[in-house]
Amino acid sequence: MGIFLEYTVNAVQTGLLLFIISSGLTLSFGLMRVINMAHGSFYMVGAFLGLQIALISGSFLLGLAGAAIGSALTGLLAEKVLFQRIYARGPFAQVLVSFGLIFVFDELVRILWGGEIRSMPRPTLLSDSFEFAGAHLEAYRLFLIAFGGVLSGLLLWSLVRTPFGMMVRAAVDDRESAELLGMDVRRLFSFVFLLGSGVAGMAGFVAIPLVNAFPGMGDEVLISALVVVVMGGLGSVLGSLVASMLIGLALTLGQIFVAGYAPVAMYLVLAIVLLVSPNGLLGKAE
Amino acid sequence: MNEHAMSSKLIPAALFAILVLLGLIPIFAVGSGTEFSADILIYAIMALGLYVQLSLLGLVNFGFSAFFGVGGYLGAIFIMNTTRDLFLSLGLTMLICGLMALLFGIVALRTRQTAFTMITLAFAQLLYVLSLADDRLTGGVNGLTGVPRPRLPIALREMGLTVDSDAGFYYLVLVLFLMTFAGVWILQRSRMGSVFAGIRENEERMTVLGFPVFSYKLTGFVISGVIGGYAGYLNALLLGFAGPGALFWTTSGEALLMVILGGTTSLAGPVIGAAVFIGISHYAVSYTDHWRLFVGIAFITIVMFAPQGIVSIAKSRFQAWRQLKTPDNSGLTK
Amino acid sequence: MNVTRFQIPHRMVAISAIVMSSLTAHAAEDLRIGTVLSFSQVMGIYGNAIMDGMRLAVEEAGGQVAGRKIVFVSEDDKNDPKVALQLVRRLVKDEKVDFLVGPVGSHIVQAIREDVHRSKTFLLVANAGNDEVTRELCSPYIIRTSFSNWQWNYPLGEYAGSTGKRAAVVASNFVAGKQMAAAFRAGFESKGGKVVEEVWPAMGTADFSNVFTGLRAKESELDIVWSFIPGSGTVNYVNQYAQAKLKPINMGPQSNADDYFFGAMQDNAVGVIGSGHYVVSMDTPRNRAFVASFQKKYRRMPAAVDVQGYDSARIIIEAVKKLNGQLSDKKAVRQAMLDVNVDSPRGYFKIDPSNGNVIQNIYITKVVKKVGGYSHEILRTLEKVKDPDQSCKLEW
């Protein structure tokens, strides 16, 4: 019983963290059909900026704030300087430009922080662990679940209940009509892009005590995020939540039964989902 | 002499000169120069394969490394276990890559645009993860090492030809490169090529006009996959080694980079792009460890401001230069 | 007549001038050492360490040997077999290096083995531990100065057999991991131990929570958990193992809790048992002298990998000195390298002529906390450990 609880906690934690990371990507695509390959780079930039601030200030919270603001600003910069100029050119150009950005960001981080692995200990308040119902639970992992859960909740709530959220949903559903109704979709998108990058940056930062930070850490995360976005249905936030949890479950099961091949589980689930529903779980036909 | 006559004499002459130069490389190259040239030509073949999918059909494949990597593994496995004959091992590799492209294409080509890009990426990553995890067939992270060069058929061997030497192998690559280049050139100008162009421009219209669009896309996808496959085969032979690195998605990205860099509209594009990219990655490394930064910046700049790539930049510069040199009747230029 | 007497000294001057200039021309030719090392990314710390060790040895020799100036030709192999292979080819064909040193990763040495052997260039394996390169893939041109996977783990298995009888084995799912695990198992079983559980997390796994949950389910049946996670993954593993508060003893090759990682692991590393070929705290005159000069030059303490680089350069320097700079007779070069009395800071050091592998002491250590940081305390020393495998067939 205890072991089962532990596995569940692990799966939920993986899934929620994955959702947080991919939510920005889902929204960018849903709104402007932009696939930003550099999304993993914002994850990395947030991690390193947050780490630097945390090291200087000695505060986890300041580091978290730094990560969020730093990566949000980076995203804003990238959007204003690059993406805005090529919206009209179609998805191909965006994919390529953002791909080039990966090279640039990876190298910049390497130049600024060196090529080595950086670590950060868990904040003292959260470094303990305890027994519960026969399961060994670590405070920091529970924190990640809470963090991920709160962010997801906020995101979904704002999409459903706030005027901002309704504008986003309207624009995702039918951009032309939304623009005809007077909505400035461009500005909306810039804001969403900024949010998405900031959230990815925060995810990068909170992951450091678990898995450390290093240049290129965004490359693998990007793949997982892309799989989530495609599996969930391009543009559907709820879809990517479901997809993230499914992947978290698949990875956990994979690690239990076929440890050496665990990453394959993710692609297998993707393949099955796409075969059954080519537009993803909750996506719409293009 | 009018410009048209001049250019129609210039291009074949230039092509002939290039051919001669390419053929003479092993004679003049020093040290690892021949091998370096072979490396460029192999990537040029891969880029040409991607070109078929990308430029002719408009399919943005972000997982092209799948064919390149699998081709390498197949070549290594066949040569070390089944047959050391060049034609047989190469033929088998092409056949299986074609089959793989066929099966995968049937599934992937049902999706459009971004979903297609993502699913091709996921497929290549899946193969990467599998090859990393398995160590009996693929050798895991070590890959397959000690891959010997294949043997030419007896008739050719008696003439003293071999692919064991740098020069011998280079000529094999050169021959395949020229065949690929010619093949894609012919494809582009053929009826199929025109249908491809039509599909690229406006797929719905072609469907309405009664073309079996799916079959055409699948054919192009398979052709492209086969080319990528034997490029990978040659690559494994050049290195004597086949590893999972060739399957990682950044290799696909680099392939795209080469085609874009060179230019997507002409056949010379992927070739020039491959040459420039490989050249920079070989030599820039000795100048700065951070060469990837500059490649990234250059790439972004080209996509943003010169999407037609190097070849068209060169073309327009050449045209401008020519206009300056041609005597002007108005007497205004000197 | 006067002319003849005048001419002879002239001719002698001319001849001796020619002879002298050819001597100096030969002596002036640099001794080129090419390195195939990773300087960036995950393995970068090891590449830099090997260079540091080598540079110290070169400095101690005065920067030259037998009148030849020692020059390094160094480039990053990015821990990528393809890059390493092309680098080796360039170093051999274009740069015409006299010796090669490296690589860090085992998969790299496997990829370059053929080229090294065919080009008849001597390679000193300064880190990679895969057994094959001094077994089936051995070559008279390849000498290893670091360690072999078997060497690290078999004695550890024997030691483990004296502390417990039931072990779990956790290793990244790749060839080296499997090789090390097999050696550990062989040693462990030879002392009556039994491996009751095997877990092979995928390469690149960063979060081991599920591995530990699985182990916790079997906690009461385990005394020991042996592990090998390469590169920086080990930092995550050790940290998370401590966080998971698992009871079995955490043991594995010394790289698991390498000195370089103490900063990232802190208290989580305390109590981890390792086995390695060098411990910086060894109290021998030779080691004390080495540590002192290393610290003076680099302002940090050396670790095993630094010593590996140092010993490699020492072998090259002493061999070249013995041959007076003449390296054309390959068999003589090999013999000279084998004959060098390395006097390594690590203790006993000798190259096994039958396969090129190093014969050395293995130290079983435990990480302890001390004033100012952490260190490895030696629990047991196993003397002159030699790989007994006979599959190496040397062919020139």
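For clarity, chains are labelled A, B and C in written order, and residue numbers in each chain start from 1.
Just so it is clear, contacts are C-beta pairs under 8 Å (C-beta built on N, C-alpha and C of every residue); 3 or more make two chains touch, one makes a residue touch a chain.
As the structure is a prediction and not an experimental result, all values here were calculated from the model.
Distance from the centre of chain B peaks at C, each centre being the average of the chain's Cα atoms. Of the two interfaces, A-B and B-C, the higher number of touching C-beta pairs belongs to A-B.
Work out the mean CA point of chain B and of chain C, and you get 39 Å between them. Our note on geometry: chain A versus chain B, Cα centroid distance of 34 Å, whole angstroms. Looking at chain A, residues 110, 260-261, 263 sit in touch with two or more other chains.
In chain B, the residues touching two or more other chains are 129, 133. Multi-chain contact residues of chain C (touching two or more other chains): 39-40, 173, 202.
Within the complex, the chain B residues that touch chain C are 30-32, 35, 39, 129, 132-133, 135, 139-143, 145-146, 239-241, 243, 245-246, 282, 285-286, 289. Put simply, chain A touches chain B in their complex at residues 29, 33, 35, 82, 85-86, 89, 91-93, 95-97, 99-104, 106-108, 110-111, 219, 223, 226-227, 229-230, 234, 260-261, 263-264, 267, 270-271, 274-275, 278-280, 286. For chain B in complex with chain A, the touching residues are 60, 62, 107, 110-115, 117-119, 121-123, 125-126, 129-130, 133, 249-250, 253, 256-257, 260, 290, 292-293, 295-297, 299-300, 303-304, 307.
Listed in rising order, the residues of chain C touching chain B in the complex are 39-40, 75-76, 80-82, 85-86, 89-90, 93-94, 106-107, 110-111, 113-115, 137, 173-175, 178, 202-203.
The residues of chain A lying in touch with chain C in their complex are 3, 6-7, 10, 13-14, 110, 115-119, 121-122, 127, 129, 136, 138, 140-141, 210-212, 214-216, 220, 252, 255-256, 259-263.
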